[in-house]
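Once you scroll down, you'll see the structures, which are given as structure tokens.
Presented sequentially are two complexes of subunit A, the first with subunit B as partner and the second with subunit C.
So, the complex of A and B:
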């Protein structure tokens, strides 16, 4: 249940980056052609024949402590240096990892996980139930101040009756507990660890961590799954986009988490670059949200008209990559219904609906958005689509942190992006549409109140995974798509860009940024 | 002299105290919540409250300020919100890189700028003066980061002569220093030129010339010393400003210095780091001003440090 605007963590940086790109890219483009100075990658200390993968990002990784890591790169690093009870395959399906199997009690309040027999930490210590117990207790401890504490608040007790059995008791039934146990917060930890030097339980282990500069991972020899993957991964932090491209061309960097906007079209239209790009849709819906208690959005017909006025395909072309959304739920949650089809833009019908609704243009609706150029352009499209049918909207671009506060504080409307913390419809829908979450600072910024939806969401939440649960969430989504407190626009698509000799790069629908499974020729 | 020093150092303390107080007021007036930034986008109000408590942001500002001051007396700048380690450690790690870049850039400004300015002033032709004026206006008005990007595109992207940013060898230093130097050299050349031209018109120069002092000695021994005076003041504060972090250059060239640290701290609202960097920069400015005052009497014996 999170929202994300890819504005990067630094308000200064995007502005600077935009200036830089505007100023110089004509020069940089075409300079490349691949300077083959293959040399050893920066920071990649190591013996001969060792394969080093160097990644550069403009962002930072603030923590490698599993209890604290929550930003993109911290999570990617903790993901690479840990294994958890469960994992996800490339289709976002939950699969066992350190847990062989698990059972749920008949009241749905007790989960028993059975651990694999011979899993070990990188130092040789067998991974036992108590290590998961330590992790959960630490995340729950208020003194830790973990950003993940909420996910584990429903756990009343964690027991380790023997080395290979973990019993998790819940205050109320929660069929998403396995998903919660799959988050990096619940990765096994040894007692009294130095939180910033966690002992690895995964395919890689931490070699050095210099916050704001660079992180180096090396392969965990005890993890057989990592055979064939690169031996070391160097993550260069805080490298601005123009420099990222230069380093990639120089062979100093092998993989970039995206293609700078100014280069995007060139790379994607160049057939010879086809094998250097990986793309994938992730669980994130971009939408236009309205406050259903504010005029004119309090009129359902105005909302319907507004949706018909929007050109969703244009949103995708301005964003560069994406997939037009025909639902509110994103593609990789079990309740997603691929057969849904929302009506395309129809200005004439929209105008007619407005007329039927007796709409007269009133005060301008204020639309909140995060103030980077990319969101500005997408929001302007909505503004002009709505202006075409006579609904006046005024943009309010503010810094990301102001936006986050502002749109949840009785705003008229806003441009938003929302993604679930794990692939579950309830985790996505409840925070933003259940009437319990209406209030200043709370996530139901649409002020959407529908007892029927509330009931469906509550019922689905305690229904075990399966067809019944899926049906309940789909019913709730049917109603939401009729009421349209959110007008879905498109699904986020992420892009990776890498050198010819890099293989195995994927955009994972759940983990997004994945450092594991990468090979080099 | 000692009394002067003591007085100035006491004043410096007052100034630094004022700087920390102002910084505190400013960062706490920002309409954004550092705890929310740490908590991640989806966090519930309870999680944010918990993090606010851990970061001690739930205490009144004055109490946080007093805690800061009492820790400061022990040389402790507090702990970074986002990096979860002592601010002093983060700054200590990044200071050498900034000092290296700042000193190299500053030396280039001073030496090249002065030489260029003095040369044009001593052998003025219309072409030279015109060229100097053109170069200084262009240099001063071109943003450093833009120059940086152009240099990168040219020397790294096209010619593959130099590393693409980062640190380590002397080669890494070339482009950032060049980017930094363009503006500074342009400015100092202009300054040195006008100061020198002015000095060369003065009576004591004419007297020296009349007495038959060799032109070279007039230029380098008599005129330069006088002409340098205004430069010293500016050079002192400029060095201090550079030491506080070469923000744009460090960002463009991925130079792991204090400027980069400051930019990311502002982005993540890492208040202890912001306050720490501001304080260290202020210390440099105060010290530089003091050094400039102490240097004056050596350059101009007519100036005495007031007792």
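So, the complex of A and C:
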């Protein structure tokens, strides 16, 4: 059974990451006029003809050890300095990377990966099956204390019969194993790795790592894919947003992970800034969640009415960027159905439904939300949308850590953002809708209990990738969209802001913050 | 107090005092009658206005709308009600507590004085806004009442010091000694001979303190630990305006002006009252 779906620390940690990102990114920084390109930027590293990309973020990177990296920037750095068996293309499709191909045994419990012949670490050591074996064993070892351990708990044995064959045996069939092998935790490592200085297997290698201050990456000469990309990447950590902006204007910084709130509206409304911005939808659904065991949300018709009262387009307008959600699943999971269409706001119909439901306004529902200003704006709109049809809601803005605890602890309703650890519908849906995950502090905060959905999720989980699996998840989603324990609002869109001479910046639907593939003129 | 005793020169009206009083009274009336004065519901978006970017002033929305299509004027008017209730409520608590501590310390002197004044020093030693932030963060629920409590409990120290020194000098007056020698109780001396003479100072301190508490309330809302959203506090309006200052600079002007005028009016009143009093004392 795929343990990552249980209510362990996992879905929580990425959700934390997601929400933090969402709190910060729609706000990031804008620059003066885009200005004069200075060719190469300052930032600690330089050299004639060498191209240096300097990035500034308000966040920190806590670790560059593949077994430990889990926050946004640690993951982005490990992603840049490693390759894994598989990767994702720009459409979030799983593609082979260090594995040429792989096959599954008929019982679904054994995966055999065949490695590419001439992959090398940055120090010239050939990358072999044993290096993946060490990585997985290390993540699984409780001594390591890896935040990714649960993802690999379903693996009973990893074997390396020869240099180019890796055999992974599972306790139970799990069609998402390739996804798990694509996470940065499973990047190949050499024996006795130095957690501060892992040997690179990817397009970049670590030059310096000063946690909380600066990270410098330089190109790995053994990785040919990086040809044309910038030679060095300097990541300035803990740079406050207003300062980010100043540094970008002065040419000290080339790329920002977002545009700060104070500048967002101006930059996005300035046509001359068009080429300095990259935006992309990522796998994250913002939603209004309700506890289906609390009045008035225990009445399905009240939920339907509430959904009809919501103006999802307004959520996007006030967030600045995003895409109206017409499903619960985000766009980059295989079971996502782009043809779905949810009804638009219809206040008259909503009122009528409420009347039919025999609804009378009772105690105010308390809506939990994180107290950042951006969050609040969107939650206020939900509140006023619901007030317009006569459902009173009280906002409870609290610090993010209180919020995470609070909404899982028998709350009435909450404003939430959720994303999967990797592009898979089960990884997204099971923690939050399977009845097994109901309970104080657990992820099914809606207290949603539907045996039909439970069965579909359990069946889909062991069905191999393909149409049948997709169909099962879509059936589950059909029911969820009818029952509406979550009212999907919109999909998160991230924004990057960069100087005129920077090219190739993308928002990756899976990796989000990506340092690879960037060029400079 | 008996107004007929006031000498002819002190009767001269100070235009600044009148201005301050008019402004303060006007603001208080605005707050009291907010639901009748405000043209729109301060919490509901105007469905005719698109949500997203703030809209500039128009004939329908005299001060424009915010990013959620809510009428800024209505929010400002309701904001007066919130700011003034919190400000005045906290002032009453602060001045009440300050008077109590100050008078007791000044009157009894000795160990009571030492104890109370060291307590005052301790509270004063912390920057007020830090204390308020910490208190507002740990509160299980934030609303106007808890905010009054937080601000009031932090802002009493200045009043305590002033009233202590006033009391120290008052208790040495001949009439107090006379009352004491005739066997009057402490309670009677405090109620009949000390407190009434503190009244002019009380007015000044109350006025100053109101300006301070309103400013602190605005500051806390700006830091997002005031009365929670969607309450139309001036501080939260400023916070909201911050994101849009480059495209909708007017959004920050209105709440900023409101805080400025309110604080200025109470400060003016305090300033003028103090001037009159010191002139009266000399004369």
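Everything that follows uses one rule, which is that the second predicted complex is superposed on the first by the 476 of 521 C-alpha atoms of A that agree within 3 Å, B and C clash if a C-alpha of one lies under 4 Å from a C-alpha of the other, contacts with A are read in each partner's own complex, and residues count from 1 in each chain.
Just so it is clear, a residue touches a chain if its C-beta (ideal position, glycine included) is under 8 Å from a C-beta of that chain, and two chains touch if they have at least 3 such contacts.
Just so you know, these numbers come straight off a predicted model, no measurement behind them.
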First, second, both or neither for A:317, with subunit B first and subunit C second: second
Touched partner set for A:67, first subunit B, second subunit C, both or neither: neither
Which partner reaches more residues of subunit A (counting touched residues only), subunit B or subunit C: B
Which of subunit B and subunit C A:211 touches, first, second, both or neither: first
Which superposed partner A:399 touches (first subunit B, second subunit C, both, neither): both
First, second, both or neither for A:145, with subunit B first and subunit C second: first
Contacts of A:480 with subunit B and subunit C, given as first, second, both or neither: neither
First, second, both or neither for A:236, with subunit B first and subunit C second: first
Contacts of A:472 with subunit B and subunit C, given as first, second, both or neither: neither
Touching partner for A:246 - first (subunit B), second (subunit C), both, neither: first
Footprint overlap on subunit A, where subunit B in one structure and subunit C in the other make contact: 27, 399
Partner subunit B, residues of subunit A touching it in the complex: 1-4, 8-13, 16, 19-20, 23-24, 27-28, 31-32, 35, 37, 42, 60, 62-63, 65, 68, 70-71, 142-145, 147, 149-150, 196, 210-213, 236, 238-240, 242-243, 246-247, 249-250, 252, 399, 401-402, 404-405, 421, 431, 441-443
Footprint of subunit A on subunit C - complex, ascending: 43-45, 50-53, 67-68, 137, 224, 228-230, 239-240, 242-248
Subunit B residues touching subunit A - in the complex, by the definition given at the top: 31-33, 36-47, 50-51, 53-55, 80, 82-85, 90, 93, 145-146, 149-150, 152-154, 156-158, 160, 163-166, 168, 248, 251-254, 256, 260-261, 263-264, 266-269
For the subunit A and subunit C complex, residues of the former touching the latter: 27, 261-266, 269, 311, 314, 317-318, 371-373, 376-377, 379-381, 383-384, 387-388, 395-397, 399
